[in-house]
Amino acid sequence: MDVIWLIPILPGIGAAVNGLLGIRFFSKAQSAAVACGSMGLAAALSIYAFVQLLGSESRVHDVVVATWIPAIALETVDGIGAFAVDWAFRLDPLSGMMILVVSGIGLLIHIYSTSYMHGESDAGYARFFCYLNLFCFFMLTLVLGANLLVMFVGWEGVGLCSYLLIGFWYQKQSASDAGKKAFLVNRIGDWGFVLGIFLIFFTFGTLDFREVAAGAAAMPIETAEFGVISLICLFLFVGATGKSAQIPLYVWLPDAMEGPTPVSALIHAATMVTAGVYMVCRNAVLFTHAPMVMTIVAVIGGVTALMAASIGLTQTDIKRVLAYSTVSQLGYMFLATGVGAFAAGAFHLMTHAFFKALLFLGSGSVIHAMNDEQDMRHMGGLKTFMPVTFVTMLVGTLAIAGIPPLAGFFSKDEILFQTFLHNRVLWILAVATAGMTAFYMFRLMAMTFYGEYRGPAWEHGEGHDAGEDHSDHDGHGAWHGPHESPTAMTGPLMALAVGAIVAGFVGIPAALGGGNAIEHFLEPSFTVEATEEAGPVAEAAGEAEEVHEVSHAAELGLMALSILVALGGIALAHRLYIRRPELAEAWRARWAGAHRLLLNKYYVDELYQSTVVRGTMSGGRGLWRFDGRVVDGAVNGTGWLTLASSWCSQLFDRYVVDGAVNLVGWSASESSFSLRRIQTGLIQNYALVMLLGVFVFVSIYLLVR
Amino acid sequence: MSNVADFPLLSLILFTPLAGAVLLLFVNRQSEDAIRWIANVVAGIGFLVSLPLWFWFEPQGAQWQFVERLEWIPSIGAEYSLGVDGFSALLVLLTTMMGSIAILSSWTAITERVKEYYIFLLVLQTGMIGAFVSLDFLLFFLFWEVMLVPMYFLIGIWGSDRRLYSAIKFFLYTLVGSVVMLLGILAIYFEHHAMTGIYSFDVTRFHELTLPVGLQWWVFLAFFLGFAVKVPMFPFHTWLPDAHTDAPTAGSVILAAVLLKMGTYGFIRFSLPILPEATIEFVPMVIWLSIIGVIYGALVALAQRDWKRLVAYSSVSHMAMVMLGMFSLNPVGIMGSIVQQINHGISTGALFLIVGIVYERRHTREISEYGGLSKIMPVYAVVFLIMTMSSIGLPTLNGFIGEILILQGVFVVNKMWAAVAASGIVLGAAYMLWLYQRTMFGNVDNPKNESLPDLNIRELATFVPLIVLAVWIGLYPSPFLRRLDSSVMHVVSRVNAAYAPLNADGGADASAPVDGSLAGGQ
Amino acid sequence: MAEAFVFYGLAALILGFAVLVISTRNTVHSVLYLVVNFLLVAMLYVMLGAEFLAAIQVLVYAGGIVVLYLFVVMLVNLKRPPETHQDPRRQTRLGLALAGAVLAELVAIIVYSSTGESVPAAAPAEAGMVEGNVEQIGMLLYTNYLIPFEVASVLLLVAMIGAIVLAKREL
Amino acid sequence: MLEITTTHYLVLSAALFMIGVIGVMVRRNIIIIFMSIELMLNAVNVNLVAFSQQWQHVVGQVFAVFVIAVAAAEAAVGLGIILAFYRNKETVNIDEMNVMRW
């Protein structure tokens, strides 16, 4: 288990090999082998580490690889401390679960990509796998990091990879725009995150998660006042909203769909976007000490869930629907953490990773089959063309809609139940969201797989009219109509479908006779050491346990309700998009205003564009003018003044100073002009003067003596 | 080591470039390739002889190492005294390295007056090294002024467009600053004589002096003007974009990588330890100017259409960050400040090289002239990407270490300062990424760009050491930080009483908690 | 008595020939008068007990320098009278008057400053003093005044070279 | 008056010197002027020897020897100059030697 640091390093090596050699020298098969091989090793190692963790007594294993920042004295609240950071990795239940998810799903998506990206050139192919491996490196670093700064390395690194992968087709303006947007919005979140890190060090004198947790556990819960822990948590949550696409920083995620679909599946559904949730769970002890921030988290999560789901109702781009769905599901997770159900949040994180990755890969398969068509209005009836994709996607859809016994049901229900216990208003939001989720997902299924085929016609051996601008990365040349994807793509789909079915079984709640194994497994990660029995978290957990006991009946009732809501959504979608499509048109016409509002995503992008972006840009331009006119103007003005004064002094110089000088010269020349008459050139006259001198001196001698 | 101590290593490092310049004087100006070879070899040797500063320097040893002392002008007590601590040793290494890179980078870029060009570069090199290794204030001032002249000619002769305007602006700005600084030096000199009866310019003596506060105040202002112009800090920065834009590539690289460090070096070596009380008084002013500089530089960079000018403004922003860390007056902040100086030298130097490469091929710096270069010059794009990331402080690269230390250092002093300054990193990412997008991404719209050659071996060779360093500092900065320990602690112990008795119980002088609830474990 | 007689006679002759030197029109005559003048002065030296100097005076002045003058006078072939042209600005009369005035003054000074104490001129030879007038001068010249003596010799050498350079038509 | 004292020699010397001066002042033939200078040098020598006699010390005579040496040098160079001048201007009239002015 001491080799857990190898888990991130392996994909890193893969990235380095592909980056330094692959782009120039490797064939597609070689770069794919390097990438998948390194990921496979990492996944194997993850499983090995996880098994070891299960088998060991201790639930926490630390590995310090090296000193990163050696100790430097710095004052903290408690006096002078030492700012020191190690390259330290930690395997505990939470990170154990995460490395399984990341390396497992990562491996599947690598395999999927070998086929999906086949249309790229050799160099582009290697580049893609280099980025993808690099992403896994950073993501695993993020997950395994034992202190905030190592986590931040991963945090920023995945942002970089996200930037690179969204902008993978950099020749497309929209793609590079989207990449930039993602990075910048994330940076805004990082602003909060780093401030949180600073405040944590200032308060606790360390950045190690467990030491921070221990320090926080010793402090009182800030129920009444907005104290320092609340501030820390608020800062951290700002970071989380950026990374996990919550209000107000969610706008980058839908745009991120410009990237290749496997990227969307891996980064923007399964792993990276959940980093925010993971981070909040990591700092669970801190958050439990800041109930006010918890409320904020829950409210933001709930509202985001609802809002994103409502936008998802009207979108027609298949990947955008899934993107808003992701935002919505992430909202769910934050809702869970916000109400203190960290385990439920983490559980949903895991199940969501499975079914959302599945859905994305499925949509990728569809897009692939449709020759890069993403608009669902041009699909339909694909069920017959691609049965494997259809079946697996259906599994995913049922899972996300919360139909038992699929994975989504257990995790989502856990969240709903915990929310219900905590706050009824938020619960109503969540239930509404659940209904909408079922509706838009089945709308997606209906528009894609049911009904008649509405796409472009195709002929054998001939091209077609759609998607020409992407034909350079379409490996098939001429398009022969929708078709099932190759095994390299359907294989991962099936594997993920299995995951989406069974992943929930680790968390069957007590009300259904299960042990909620995952919650107990994860518990050590959310609390400080069990020795501190007086810790408030333990108490809270105990209370929760009690509540569990007393409300089995209520829980069952809530479950039934949520299933009903989900079925209602499904039924509505079935009615509107399969049985009576014209009704959908009518509804759209009736609520045209609302429809436009949703279609345009509440105009949030436009709002940001006109305020933040334009404000910054015009500020920049204004300051530039200021720089040129005022600051530089002052300098040039000084220069001009100097010149002017030098001109004045030049005049003074010429007429007064020079005048005086010339006067001396003039008088000298004038007087010499007259005096030079004495200079006769006659030697005897000079001798006469000498004689005169002698005469005078002798006379003086005579007179004075 | 004992025999090493007697070896005049610093003089050797100092005069190697000058010797090369003298050697070049005797080379026929027509044989340009020979001149280039000689200059490159001399610069390479200059770097090699400076390497012992890394290997022989003892992080735990005396504060001043490799000290040399000779009489210079005994009548006024000026000495030829050289010596380095960790800080200046790193800067000397940076100088010799960037110097050789700059010289290597101008192989094909300079075709006129080749001989003079390399002579000026080498003389400049000696001037810069001299300023970093001088322990005598007058000697420092001498080298400080020596640097000015070659730079003036480099900009004025081999520059572009408005080179004369820029060169004169650069010269006047710095000259005004340094004249005022000289007054400050003399004030200390005479005050030192009045207090001790010894005429001396010895910096180490000055470091132990406690000047009257009133005098400190004025001298600080004088030094501030001299150094702030060089840094450059916010209201004194306007020479920088012009000078950078119009300088030849190597000139920009040297300017960004080393010359700007003169200002910050001056602050850490002179202002802070000699004038501690005044420094503390001026902290808010300097900090706010720095914060303005961070955001202002970034915003103005965002509006630029000229590639090189954009990088120049980013320089303003980064150097303001350096000042910010320095005036937090605690070990982490100052350490970060120093590391960030080195980082800035690496990443901004590289960015100027990057601009220079396309400028040499296309002779334009307009960003709109470019686009889609990723496709045509993939290696170039990768190098640019790495340096962009280094510049915006991506973890695992060097910029991050500097920024995180600086901001952490400032944060413990004042949270508001850190919060405002940290927003600079958002803007920093904005202008760099936008630049990257506009130049590297998209389609190749401009037909002139279609056949640009990618980096050749020589050009790649100028980047490799920078990339290696960027990754090294990012992943394992300990060797650098350990070397800086003693210099940082020396400075801090002068300006911040809280850190003076570090070996004693640290809790004695803890700052007061922000509010009652923060008093952790109690 | 005889001494006084000789002195006055010599003085009159010296002054008379000196006046002739400066007043004769013919340059050759002037040179000849000068020779006579120098010989008379040599006699005065003998009177004053400076026999060596007298010898030098005869040998160097009368025998050497004056011959030089004669050569020059002969070389300068005076086709036209040398003093035909006269510059109107020359102040001959003023010069004469001044010279006379200075002479008067000098005589006045000398006469009035003489204490009347009669240091016997041409005192009888004291023991050890007169015996070797030449010897004494030699002793002084080669001991105390060695360096001025050598310098004088160098001066003469330089003068010789200079004269050659100046007088030669083409070098 | 019949006793010949140093004063007598001095008066003689002064008179001789003044005759030389008058010669320099009034004559225009440069050779005569040079000879007048020789007269003046002689007057000086008379003075020196007279004092030598008065103080009963030969140093005065030594000085006179030097004066004679200098006179010889002067005569040689001066006459050389006269010759050179004569070759150029065909004259020895000092009134025609007036180029040494502004």
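Every chain is named by a letter (A, B, C and D) in the order it is written, and numbering of its residues begins at 1.
Everything below uses one rule, namely that a residue touches a chain if its C-beta (ideal position, glycine included) is under 8 Å from a C-beta of that chain, and two chains touch if they have at least 3 such contacts.
Everything numeric in this text was worked out from a predicted model, so none of it was measured.
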Task: Could you tell me which chains are in contact with chain B and with chain D alike?
output: A
Query: Where are there more C-beta contacts: C-D or A-D?
result: C-D
Field: Chain whose averaged C-alpha position falls nearest the assembly-wide average
entry: B
- prompt: How many angstrom lie between the CA centroids of chain C and chain D, rounded to a whole number?
  reply: 6
Field: Where chain B and chain C are represented by their mean Cα positions, the distance between them in whole Å
entry: 87
- prompt: Where the CA atoms of chain A average out and where those of chain D average out, how many Å apart are those spots?
  reply: 114
Message: Measuring centre to centre with CA averages, how many angstrom lie between chain A and chain C?
response: 119
Field: Residues of chain C engaged with two or more neighbouring chains
entry: 87, 90, 95, 98-99, 102, 106
- request: Hunt down the residues of chain B that sit against at least two other chains at once, touch-wise.
  value: none
Message: Multi-chain contacts only, two chains or more: what residues does chain D have there?
response: 21, 25, 95, 98
Task: Using the contact rule from the top, write out all pairs of chains that touch.
output: A-B, A-C, A-D, C-D
Message: Give the list of chain A residues in touch with chain C in this complex.
response: 680, 682, 684-685, 687-688, 691-692, 694-695, 698-699, 701-702
- line: Residue positions on chain A within touch of chain D in the complex are 676, 679-684, 687-688, 691
- prompt: Once bound in the complex, which stretches of chain A touch chain B?
  reply: 19, 23, 66-70, 72-81, 83, 123, 149, 152-153, 155-157, 160, 163, 167, 170-171, 173, 176-177, 179-180, 183-184, 187-188, 190-191, 194-195, 197-199, 201-204, 215, 218-220, 222, 225, 227-228, 616-617, 619-621, 623-624, 627, 631-632, 635, 639
- prompt: In their complex, what parts of chain C are in touch with chain D?
  reply: 1, 3-4, 7, 11, 14-15, 18-19, 21-22, 27, 30-31, 34, 37-38, 41, 44-45, 48-50, 52-53, 56-57, 60-61, 64-65, 68-69, 71-73, 75-76, 78-80, 82-87, 90, 92, 95-96, 98-100, 102-103, 106-107, 110-111, 114, 118-123, 126, 129, 133, 136-137, 140-141, 145, 148-149, 152, 155-156, 158-160, 162-167, 169
Query: Across the complex, what residues on chain D touch chain C?
result: 1-12, 14-16, 18-23, 25-29, 31-32, 34-36, 38-39, 42, 45-46, 49-50, 52-54, 56, 58-59, 61-62, 64-66, 68-77, 79-84, 86-87, 90-93, 95-96, 98
